[in-house]
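Next come two complexes built around chain A: one with chain B, the other with chain C.
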Partner chain A sequence: MRQVLKKFVGVAAVSSMLLLSACGNSGDQTSGSEGGKVEADIGVVSFLTGSGAAYGEAIQGGLKLAQEEINAKGDVKINLIFEDSAGKQDQALTAAQKLINSDNVTAIIGPTLSTEMNVVGPEADLSGVPIIGTSTTAEGIPQIGDYVFRNSIPEALAIPASMQKAVDKYDVKKVAILYGNDDVFTKSGYDTMKKTAEEMGLEVLTTETFQKGQSDYNAQLTKIKNLNPDLILASALYNEGAVIMDQARKMGIDVPFVGGNGFNSPEVINIAGKSSNGLIVATPWYSEKEDEKVQEFVTKFEEEHGHVPDQFAAQAYDALYILADALKNAGSSDRDAVKDALAKTKDFEGILGNFSFDEEGDVLMDPTVLVIEEEKFVEFK
Partner chain B sequence: MLAELINPYYLQVGCFILINIILGISVYITLSTGQLSLANAGFMGIGAYTSALLTIHFDLPIIIGIIIGALVAALCGVLIGIPTLRLQGVYLAIVTLGFGEVIRVIFVNWETLTNGSVGISGIPHIGREILKTLQGFGFQPMSIGLQNNQFIFLSIFILLLLITIFVIWFFRRQHQSRVGRAFAAIKLDEKAAESMGINITYYKVLAFAQGALVAGFAGAMYAHILAYISPADFAYHRAVEILIFVVFGGSEVIWGPIFGAFFLTLMPEVLRFISEYRYMIYGLIIIIMMAVRPQGLIDVPLLKALSKKGRKRGQKHGTGNHKSM
Partner chain C sequence: MLIEQLINGLTLGSIYAIVALGFTLVFGVLGIINMAHGEIFMFGAFIGVMITSTLNAPLWVAFLGAIIITAIMGYLLERFALRPLRHKQGVSHLAPLISTIGVSILLENLSHHLFGAGNHPFRTSFAEISFQIGSITIYLVQIVIFVISIVLMLVLTFWLGKTRAGKALRATAENLETASLLGVDTKKTILMTVIIASAMGGIAGILVGMAFNSVTPQMGLSMGLKGLAIIILGGMGSVRGAMLGGLILGLAETFIVVYGDSGYRDAIAFLAIIIILLIRPQGLFGQKIST
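And now, the complex of A and B:
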């Protein structure tokens, strides 16, 4: 046994030597500026494998498209380094550590999930690396620190906007709330709904919960139907949300639904069909907006990927443009200079609309409210 | 020179390897009495939440939080160990899996305490606390040529390494003691062990509690290294992941789970350069392993062969050597 122990120690020693020697190469800073042209390495932590790979793919697509365009313009040269987080906090953290310490990136875009950002954000902030979330909508993300930003519209902005419009239009007094209580996303959406309903003075008839992957919602819906609300607030992801709408319509509930950010997907229409009519969501991204930039982006993206870009692609696309803008203004790829330039971003005209950071690094913009009518997303007026 | 070599990324990966090794050992302990427990993710969660909540709400020092977290997990281990004594094999696996899920659902629904599925953020970070304490004594990492974050991760890594070595040492000693022999006897044949005068109830619950203690400890460390936990971290995916370390490495000797955790944690990091294909290769390796060596990579004959080879180098082949491998 002693011999074995010796061998193990030997193997461990050799492998740690290899590890250490491997990191010796990575000390040199590759990015710098030459003759006014800023060159920078940007790290991306994204959900590329596993259950949420579709998000990561959309984000990657948006970023790559933006990178091509920005590099073609020539003011700024951006190299993107993609790292996978597989949707796990520990993986996201190691990926970010690699980007910060081994690749010496100027800034990080990502990670995809708010839970990952809760872990990565403080670390990036301590290391002094600007980090921009493009899909992190939970509360308290930019408040982590000075180096933490996001350009994804938080639930706290999106849900009240859609609720306000729906309440005004349908003269709502009584609402029922339905939410998934085992998911970070839907839970934080529910918190916002509850708070907004209280502020608006709406009467909450009942609050029902469901779990991820549930397929039968008849118990909750029957209760809601008997209470006869004017509006249903549903904080659900699109796969459960679409089934909920389908079962509700079949049961004869015909009041409109207000959903959170996770409910906002063309998939709802594919799954629920006619039953999806009457779903109201607020979104930063509307692909049919009559705007030259938007239409150019949609055409280019469609050519490459064969489908219309979703909000994740659009937000990632804009994030890289905002970062490129900051790099240009900073005039160097120094992390602190970029952070200061980012914080000054104001009235940036992207494909999402007019965009500014507030003093905490959170989003200042007006979301578009959409409603599904005749199985199509249209602007809700 | 030294400072150049210390990269927080490698230390971070090292820390997760060490935590996973401790988790692997926790499953190995219960397995060494022949009980397959899938509750270790739940115990890990109990340790993590207990320690996180205590340090946040009562300002306890992290070390006390971690110890209490581990003890609470051990207590739950005893509580679940006693009623499930009569169960074996898959039945025990199902009950313990159910227990793990119950724990997760409690974390999700006890919102006033656990903040529901949103999780707890702002947990004191063990490395940052160490740095703060040392700075209080007038120590600056720069004086030994390190950046703050290098020092933070180096301190966590060394701490974890010492603890892991202690855990391995302890359970290797135990394996060769009276307790270890009792565990082995129970694993081989419960009835025979009982008729030899071994108190089965005591030893089985002991193994369960030890597993829970170690898992709870690993969970508490996990919470203080990530500084954020949510119920989804301790779902059955985690239970299966821990089990894979043991199954992959081999469950007969303690080196099995250690190797399994080391290899399977390092693998996805080493394979980063092939980005989206890395988990495919990870899966492939596990499938090949299961087909070729169902008992796990490291087992008793392999260890024997290794040690014999080492001892008999230069000699003619010894007696009984043909038996191993």
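And now, the complex of A and C:
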């Protein structure tokens, strides 16, 4: 009896699979038909070469992993078309225009930098193509238009959360600020830090700047050291930030650092080693989280890339899932239908946590505050 | 605080000086600016990282490896990017410059593929050795960098001024045709110069890696531009000028941060160069030939 049942189940499974694949074949062109799967081309504009290529690598990794999983599930079939922006506004715009006009994509994921989004966003909005930023955290991005979304937590939300916790714990009165003044991302982080420091009534001892690709921060750090701050606010990307921490610790500065989103990467620990202890960041992404989905993603990503995924990979991964969800709900690859479905995204359970878009297309979720202790990110309490 | 900043400035300046020495040597002989020098310097740093971190070999092996690899790169640069353009009818005098720019772009992208885009730490116990004098921490690396830059300058000055090879080099710099008529193997001399300059770039790369614990594929570009500015400041082709120019730029950049605004760090340093050039257009030690 049991044998018969097993056989029957087997036959049923095979035949349903055949049926599904048949549907898939016929549904290719007339996407959106009842029961057939939605097929969509998604364009990706990403920072794949140049100084920020590490971000592009992570984003590409996260997207590809999500794509494999989504396509394997079979509700939605997604083709990704990657274009390189090299971190430049003009190249990002050209890439987006190519995707919108000649590749005829349903939606765009990217670009990587907020500076790029400021030129690509309006173009996509004008052409009626939904666009999701996965790493664009500067202020005012979703406000560009109805078609512009993001799933990256804005600095304006993340930085005050981490500053508040650090100030409470270490009884901070005086701070020093250090930021990269040639990047919209780190500059916007600095604006938030300055504003938050003023609101909290902290005394800002000095504000020092640096530029991308600099390798010697000793002059700025010596100055900061002699002013004896209780806390250093550093709005830096991790490549520069890790080196700053390394040089600071070598010099004998042992106060904690609070960083922005760009500072939040496991690479900081790789680069700075034990010097990275004491870095406090707020993050939408915590790779040690005890959650099945999160751990599965981490394991798969690590197998493929040899290192733990950072938030750029995680946000890209979730973004594609959110988009796949919207495609499924829209039931077609029509740009407007997808936009409407995206806007309705609510309580989406991704690897970042419980995620919703607000009415502007901005992020609604709670960041986790982390600190590096003994060369590991742990929750800051 | 002042002494600490002085040490910071001297360390940075010595590194600039070593990079600039490589520039000035090539310029002095060939009269061209080797835009690939910064990238060769970056490769030197990466070789150092690979040997010390990946292979766990001692520091002297890293130095040796970096010198050998960058010397080979210098040979290839001269052999394939510079020599074919020399004495060719209809080749613009700017051609070698453009060709070295091409090499620099090639090398930067190559390092992206070989080493990845991120920042590589330079882990060696040597970089951790430090002295504590009062509240000031001095790292042995900082002293070594200063000493190496002075030694390189002295050796170069001696070599150019007192040895046969140096004389041959100066003769080649003065006039290529005449020198070769007088029996100087100019081909070999030029090749030697480019190789030595590249190897010095490699040494500078490792020193930067150790001092700042930061090696990226982009480090070559900014260092290359600084090196260029220094030899203009110090006088094209002058060894002493490169040394002093490097120290001036390093100290200027540091003290702008101390007494001014760190945002103007690069701007003020280059402004100083413009002012010096207005007063002394040939640079501080500007002469036609290097001594």
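The rule is simple: the second predicted complex is superposed on the first by the 342 of 381 C-alpha atoms of A that agree within 3 Å, B and C clash if a C-alpha of one lies under 4 Å from a C-alpha of the other, contacts with A are read in each partner's own complex, and residues count from 1 in each chain.
Keep this in mind: contacts are C-beta pairs under 8 Å (C-beta built on N, C-alpha and C of every residue); 3 or more make two chains touch, one makes a residue touch a chain.
Fair warning: this is a prediction, and the values are worked out from it, not measured in the lab.
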{"item": "Which of chain B and chain C A:Glu208 touches, first, second, both or neither", "value": "second"}
{"item": "First (chain B), second (chain C), both or neither touched by A:Ala242", "value": "second"}
{"item": "Chain B versus chain C as contact partner of A:Thr49, first or second or both or neither", "value": "both"}
{"item": "Which of chain B and chain C A:Ser332 touches, first, second, both or neither", "value": "neither"}
{"item": "Touched partner set for A:Val119, first chain B, second chain C, both or neither", "value": "first"}
{"item": "Touched partner set for A:Glu83, first chain B, second chain C, both or neither", "value": "first"}
{"item": "Which superposed partner A:Gln97 touches (first chain B, second chain C, both, neither)", "value": "first"}
{"item": "Which of chain B and chain C A:Asn181 touches, first, second, both or neither", "value": "both"}
{"item": "Which of chain B and chain C A:Lys223 touches, first, second, both or neither", "value": "second"}
{"item": "Chain B and chain C contact sites that coincide on chain A, given as residue numbers", "value": "49-50, 53, 181"}
{"item": "Residue ranges of chain A touching chain C (in the complex, touch as defined)", "value": "49-54, 57, 181, 208-220, 222-223, 226, 238-240, 242-243, 246-247, 250-252, 267, 270-273"}
{"item": "Chain A-touching residues of chain B, taken from the complex the two chains share", "value": "4-5, 7-10, 12-13, 16, 105, 108-109, 116-119, 121, 125, 128, 148-149, 226-228, 230-233, 255, 268-269, 272, 275-276, 278-279, 303, 306-307, 310-311"}
{"item": "Chain B-touching residues of chain A, taken from the complex the two chains share", "value": "1, 3-4, 6-8, 19-20, 22-24, 26-27, 48-50, 53, 82-84, 86, 89-91, 93-95, 97-98, 100-102, 115, 118-119, 122, 126-127, 138, 140, 181-184, 187-188, 191"}
{"item": "Chain A-facing residues of chain C, complex", "value": "1, 4-5, 8-9, 11-12, 109, 112, 116-121, 123, 130, 135, 137, 139, 208, 211-214, 216, 218-219, 221-222, 253-255, 257-258, 261-263, 265-266"}
